[in-house]
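Handing you this structure, nothing more for now.
Naming follows writing order (A, B, C and D), and every chain is counted from residue 1.
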Amino acid sequence: MAHDAIRELVERVTYAPGYTKAVGTRVESAEAGYVVMSLAKTDNLLQANGFFHGGVIAGLADHAAGGAVTTAMPPGRFAVTVNLQISFLAPAKGGSLIARARALQVGSTIGVARVDVVSVADGAETPCAIATVTLRGVAFPAR
Amino acid sequence: MAHDAIRELVERVTYAPGYTKAVGTRVESAEAGYVVMSLAKTDNLLQANGFFHGGVIAGLADHAAGGAVTTAMPPGRFAVTVNLQISFLAPAKGGSLIARARALQVGSTIGVARVDVVSVADGAETPCAIATVTLRGVAFPAR
Amino acid sequence: MAHDAIRELVERVTYAPGYTKAVGTRVESAEAGYVVMSLAKTDNLLQANGFFHGGVIAGLADHAAGGAVTTAMPPGRFAVTVNLQISFLAPAKGGSLIARARALQVGSTIGVARVDVVSVADGAETPCAIATVTLRGVAFPAR
Amino acid sequence: MAHDAIRELVERVTYAPGYTKAVGTRVESAEAGYVVMSLAKTDNLLQANGFFHGGVIAGLADHAAGGAVTTAMPPGRFAVTVNLQISFLAPAKGGSLIARARALQVGSTIGVARVDVVSVADGAETPCAIATVTLRGVAFPAR
């Protein structure tokens, strides 16, 4: 796909009505196999201590990984998550999250992406989680 | 802790302002080391195909695991997630999710919980995900 | 496959020259989607403290999961591991390990198995690890 | 610890009688928080197709992660694995494996390491697996 088509695809899925739009997920950049997304802090995304909830971080990582692998697959294929593994390195105390997802391997049926998630406070990034996501390709728009 | 105190603790954390309350997480039951939570379908929890978003399922599993391990720890300790691993077995097509989390091992610093998540449609349960969550104990209410 | 054919397949793969035979893996039982394997303690399988090495436990879980998913797939398909996640619950202090692997979901391309590993001492079982393994089907004998 | 002391520690644990010595694990380099290990192909480390067995790759990743986190902990502490997650990217067809483990976060009780494993053939490296390992610190030599 052309770069514009890739970004358009990722934005269309991200901004469609549903969870990713509701929480305010933003597409920062998108190219084949590499997607960056962000999420700004709002009261409904936090846990009791005022930091981003782990489920919100996991959801952002999952969605970014889906974008990275889908854009590395042949046109007409869509990647759905089979397995998500995430390790939390530090509390996400910042005002926003940035998730950078890269497709490490994309085959005929399976793709694997690694995602680095940072918390941003006063312009400084602090790593807060790393994820490895395994996805499988299905016929678009099966998801 | 007495059973009532355990349930009160889990409900207090779950219904406090923030993500778990915002999405509508319900505490179905809570005893030391075993917690059941549910989540009803709403438009903001879905992905493009109308099923529960993987991040929402992961968040429910994470929160239920936290309850199962926290309630198995000594009073005054609170379990925060170190690592979350979730495998998606089938699309969550139902009208609600139920997550059953059981603490498998709880030590002085670490606890591990296994979570089974089912999708409920017309009263019938379909397994949609299984998760293994590793948590560490911190001084309450550090989270 | 008939039950005898299933067991014969699992034994053939397990006892073929290579790692599983070298370490002494035993097939205890095998049916479609459920396989039990064991491993007796030998000096070359231990870590410095005299317990089974985590890599050995992971290898047994991986192999048992492969058996459980392969036997649940159509004849001619073979399951190879895509992702292995294992949590260690207690030191494997016993004289042998038993791994019980069950296929939770097997689709056209992907299968997921859950594996419970126990350490056996004086006839008593102690849970030492749980694993979730994601595999994909390939044309036999691609592995 | 001084660099020499770090390497000496990692070599002592790796070359002690047991699994890591038996399979032929080599310490290529070791500094605080970063360890590189290798493993040469032998018949007893393979699966039926002649490639390194997944359990062997997992064991190497686990051991390298233990070295990376242990060397980043205060003297007298030893890191034991709590959770191992590994994704297999390609068959390990080469004549040797190299695992590079880096500690991403090391706290008072928990450490997390990321491990990249490559297969080496004719001097060329091919990524074959990535792992994320969670460990906890215990009093040396508790392991």
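Operating definition for what follows: a residue touches a chain if its C-beta (ideal position, glycine included) is under 8 Å from a C-beta of that chain, and two chains touch if they have at least 3 such contacts.
Not measured: the values here are computed from a predicted model.
Student: Counting a repeat as over half of the contact pairs in common, which of B-D, A-B or A-D repeats A-C?
Tutor: B-D
Student: Please state whether B-C or C-D has more C-beta contact pairs across its interface.
Tutor: C-D
Student: So the centre of each chain is just the mean of its C-alpha atoms; given that, what is the distance between subunit C and subunit D in Å?
Tutor: Whole-Å distance between the two chain centres: 22.
Student: Could you tell me the distance, in whole angstrom, between the mean C-alpha positions of subunit B and subunit D?
Tutor: Here subunit B and subunit D have centroids separated by 33 Å.
Student: Distance-wise, how many Å sit between the C-alpha centres of subunit B and subunit C, to the nearest whole number?
Tutor: Chain centres of subunit B and subunit C, defined by C-alpha means, are spaced 29 Å apart.
Student: Among all residues of subunit D, which ones touch two or more of the remaining chains?
Tutor: Only 82-83, 85, 87, 112, 132, 134 qualify.
Student: What topology does the chain touch graph have (line, ring, star, complete, other)?
Tutor: Looks like everything touches everything, fully connected.
Student: Which residues of subunit C touch subunit A in their complex?
Tutor: 82-83, 85, 109-110, 112, 132, 134, 136
Student: What residues on subunit C touch subunit D, complex-wise?
Tutor: Within the complex, subunit C contacts subunit D at residues 13, 16-20, 22-23, 43-49, 53-56, 58-60, 62-63, 80-88, 141-143.
Student: Using the touch definition up top, name the residues of subunit A that touch subunit D in the complex.
Tutor: Per the stated touch rule, the residues are 85, 87, 89-90, 104-105, 112, 114, 127, 130, 132, 134.
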